[in-house]
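Would you mind keeping the following structure in view while I ask a few things?
Per-chain residue numbering starts at 1, and chain names A, B, C and D are given in the order in which the chains are listed.
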Amino acid sequence: MVESLDVARIRKDFPILERRVRGDHPLVYLDSAATSQKPTVVLDAERHFYETSNAGVHRGAHQLAEEATDAYEGARAEIASFVGAQPDDLVFTKNATEGLNLAAYAFSNSSALVAHAPERVDPRFVLRPGDSVVVTQMEHHANLVPWQEACAKTGATLRWIGLTDDGRLDLADLDRVIDSTTKAVAVVHQSNLLGTVNPVRLLMDRAHAVGAIGVVDACQSVPHMPVDVPSLGADLVAWSGHKMLGPTGIGVLWGSTDVLASMPPFLTGGSMIETVQMEHSTYAAPPKRFEAGTPMTAQAVGLAAAVRYLSDLGMHRVAEHEHALTGYALAALQALRGVRIIGPDTNHDRGSAVSFAVDGIHPHDVGQFLDDRGVAVRVGHHCAWPTCRRFDVPATTRLSTYVYNDESDIDQAIDGILAAQAFFGA
Amino acid sequence: MVESLDVARIRKDFPILERRVRGDHPLVYLDSAATSQKPTVVLDAERHFYETSNAGVHRGAHQLAEEATDAYEGARAEIASFVGAQPDDLVFTKNATEGLNLAAYAFSNSSALVAHAPERVDPRFVLRPGDSVVVTQMEHHANLVPWQEACAKTGATLRWIGLTDDGRLDLADLDRVIDSTTKAVAVVHQSNLLGTVNPVRLLMDRAHAVGAIGVVDACQSVPHMPVDVPSLGADLVAWSGHKMLGPTGIGVLWGSTDVLASMPPFLTGGSMIETVQMEHSTYAAPPKRFEAGTPMTAQAVGLAAAVRYLSDLGMHRVAEHEHALTGYALAALQALRGVRIIGPDTNHDRGSAVSFAVDGIHPHDVGQFLDDRGVAVRVGHHCAWPTCRRFDVPATTRLSTYVYNDESDIDQAIDGILAAQAFFGA
Amino acid sequence: MNVEALYQDIILDHYKHPRGRGLLAEASGESHQVNPTCGDEVTVQVSLGPEGGLVVGFEGQGCSISQASASVMSELVSGVPAARADAIRAEFLELMRGKGAVEPDEDVLGDAVAFAGVAKYPARIKCALLPWTALQDAQARAGIIADTQPDEGSISTQKEGRS
Amino acid sequence: MNVEALYQDIILDHYKHPRGRGLLAEASGESHQVNPTCGDEVTVQVSLGPEGGLVVGFEGQGCSISQASASVMSELVSGVPAARADAIRAEFLELMRGKGAVEPDEDVLGDAVAFAGVAKYPARIKCALLPWTALQDAQARAGIIADTQPDEGSISTQKEGRS
């Protein structure tokens, strides 16, 4: 039996949760799948860095520069250990979107370089007409559009794994979708719209069986459950800091040592080079190769503070807590008439993002009613528009919880839905 | 006569300047060309945002999301007005390096798309063998390597404008270097190594005369002098926030309305789309088209606070202050035997980065002596390695000042150089 | 301001009983607009009637605000000349951008005055404007442009700073 | 710790009067290493002498630490078998990574003990290691590898956390 989280105590660490909104309603924040709130220790860590050690990293020979470098590399090591990885396999990006683009650009850049600089190219990353890239129908735009673009630039074909009516991947003809033409398989670990947790290991194994590179979008999993990133079986895994109590402006791309080493650079410039001449440059080894320019130093320090905070809570307890809340939310929503869950309606292999539709009331109007009572949820397509289309809804309303939420927050949301139903006569 | 800056008062706004380093030496920070320090108002602005309005921007229908969107777009408007630009012509990036890569990728992406999706491509951005891209020999790696890569991907040729011995652009055969084959001209406004301020307007006009796109790296100019960005005559202008009192993790790319509108997206994913289907997506208008994923919201808010702080000081006064300090530093260095300025040794058309070589002592060793006395300078190639080669030095020592420096800081540096000379018998 | 002030009866009525909904048999211009943040969609069609007034058709799916706005708009601009439609749109834009501080002119806006409360909810302004944007675009595509431009000064299309 | 403790007389002496500087007439392996942060460069060449000891040549340009380190290294490893060179490198690595807490073994390190102070200056550690990295790489290219690997456990090449 895992000891449960002390939500009342946790809430004290998040000053924003004291806010009153829309008149004088206490804020009920149920939009953590969009972005999480930040505990004071994270804000303090950033500020402390700026006030004591701020300087260029990896560049100076003075004490501040040494301290800044230590802070930055120390943050990398702490975040790596949080996900069971080696520090040098972690690339800092500005957000998960950049990390996923970095992955997709490894393909489009290699495909372009092959004509003029073939010696620089690992054939695993070359896309040609006839090749395919496989995604799923529940991808966030961040793990769909970059692959559409990679295909548009190379003539490769985008394929996808469809969904069952209960919001799971339809793996029936997996071996036909991922076949010998497949060069990349990019899948979300936990859907931000449906809440589904996917069997990524199985998909990555299938990718490797056909010699494809496997990419996982772990944006909604790393913040919410213990994830040993290397054991997902992927080659590249991306997530964001701001969804896991960290600052905005920082994300992580993990890569296996071998795959990172065989990828061409993405952003180029300072700090990622080995030598530079006007005619020609050579590049540093990963992770530096992928970190051009002055990095998000203070944000890395802040994210390290966030993973310390999460580690102190214990990721198993975080997952357990959210699992319980999700069960509560699913039951409460299912008890309402005219409410349909979009995504798995049972609480196994699913995370805490719960999307739903209310008969006769558009999600925007549901959201407005909740907002009017201080309940912050997200409405819309949640950057997974094709997933909405699959379930024949223009948009959904989504509740999403985190360490600072409890049952009473869900109760407030339920009350708001009832009020909307009463008002709209639905 | 411009009223001068009250440095003593300004220093109180920067808590880090109270630090003692290397034993008990007061910190003398002369490395602002690498990154500037941050005033308390900037740190407060970020924190206030996190503690009151943190939420996803452009996405939520709740009050926090509205406030976060206002804060983010309000920051864009303030920063735009600081540089005389329209808000919608400003794209937020993580640093200048990303902005310059965005510019270079507009070319390599267009060149790749032309084969499979020609209808999406503006021919101005297509590079082919026989085409040329022009840079200068004083570029930061961030405005050189991305163009080398664009050329490597497309078969175009990189050319550059050389330098005179006193560290100026050699414009003698400008019309030969920039000719009818030229599709892009990318130049630094103020060199971070030499301090030279370049006649960018002239270069941009020449670029436009041959139909090329003009790109300016304004990393070292926007922080240090009043810059009316649109009147530089460029199509795209990039700079970083962290060098102008702002947070790490944010930069700006300005583009003329027309050029931004004709560029393909760079990073793709959430927030930059118009519609998304599995097969195909369409994209939002600039600046959103270029801002995929959850943005650097808090950092934009921090950067807005930084430009307010600079505006309150007055950019004319900032420039005047630095001009005076630069004159003082140049004179003091030139009075030392065995010290050679790398870059213009007169104080016209130059900024406050002053590089020098000390006979018989390697810059690393000079820097170490300064560091030992609490004087933080940068040594190395300053990410402009080809510029070092041009002046036949492996590296330089560089002093760089900002609003919180005064003559006594320069004096400390001079004392350190003398001590190094005494120690090494040079 | 609370949510009931946003959802005026007029709005709910137009939402539940849209006027003029449906596409035209023959349109000279059509525009499909989406709100990319939430997926609201509206298609507006336009052609010129025998008397020189606009003939408008629309279809769409989305929230009460966007759909009611389309219905109100179709009532307001059907049969009026392009110049008049432009003037009404300008007035509506000003109301939406007024952050709740603009007093709506009922003579010009008719039922659209009920949208005054929307101006307080930035995320909903896009919804209310969606059909109007589509109308403007459809008119442009059809070439149904006012001969005498309405006084540009009265249309607050200039960018506004933060208040 | 101050700067004089960093620049030991031994270091300055090697810097000003480098021992063994110069390239070999014939090398079986060569490695050129640069420190990309500051442009320090060193080329190390290696071949096997008649007695089975290393023959080492080097050239370079850079700061006192990198150039003195090359000189000290060439003295230490010239004529010794590959296994011994590996052991010395391992000991030197440990000293550099010890953050000033490792007591250097003068029997193994000879003049290189003078680099103890460098361990306190992270930005300079790279300078001191540059020639050693080049030596290791040159040996690998030449195939001059110790038959019996020195006990890997004694080489602190494992990643270290933050102290």
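Rule of thumb we're sticking to: contacts are C-beta pairs under 8 Å (C-beta built on N, C-alpha and C of every residue); 3 or more make two chains touch, one makes a residue touch a chain.
On a predicted model such as this, the values are computed, not experimentally measured, just so you know.
Annotation: A-C is the more contact-rich of the chain pairs B-C and A-C, by number of C-beta pairs in contact. Each chain's centre was taken as the mean of its CA atoms, and the one lying most distant from subunit B is C. Subunit B and subunit C have CA centres that are 44 Å apart. Remark: subunit C and subunit D have CA centroids separated by 75 Å (rounded to whole angstrom). Chain centres here are Cα averages; for subunit B and subunit D they lie 37 Å apart.
Within subunit C, the positions touching two or more other chains are listed as 37-38, 121, 124. Multi-chain contact residues of subunit B, defined as those touching 2 or more other chains: 22, 59-61, 65, 273, 275, 364, 368, 371, 379-380, 385. Remark: subunit B residues 22-23, 362-365, 368-369, 371-372, 379-381, 385, 388, 394-395, 423-424 touch subunit D in the complex. Residues 58-61, 65-66, 69-70, 73-74, 77-78, 81, 86-88, 273-275, 284 of subunit A are the ones that touch subunit D when the two sit in their complex. The residues of subunit C lying in touch with subunit A in their complex are 2-4, 6-7, 12, 37-41, 61-65, 121, 124, 127. Contacts from subunit B toward subunit A in the complex involve residues 15-16, 19, 21-22, 27, 29, 31, 34-35, 37-38, 43, 46-47, 50-56, 59-65, 94-98, 100-101, 108-109, 111-113, 115-117, 120, 137, 140-146, 148-149, 152-155, 158, 160, 240, 242, 247-250, 265, 267-271, 273, 275-281, 292-299, 364, 367-368, 370-371, 375-380, 383, 385-386, 389. Here subunit D touches subunit A in the complex through residues 34, 36-38, 121-124, 159, 161-162, going by the rule given at the top.
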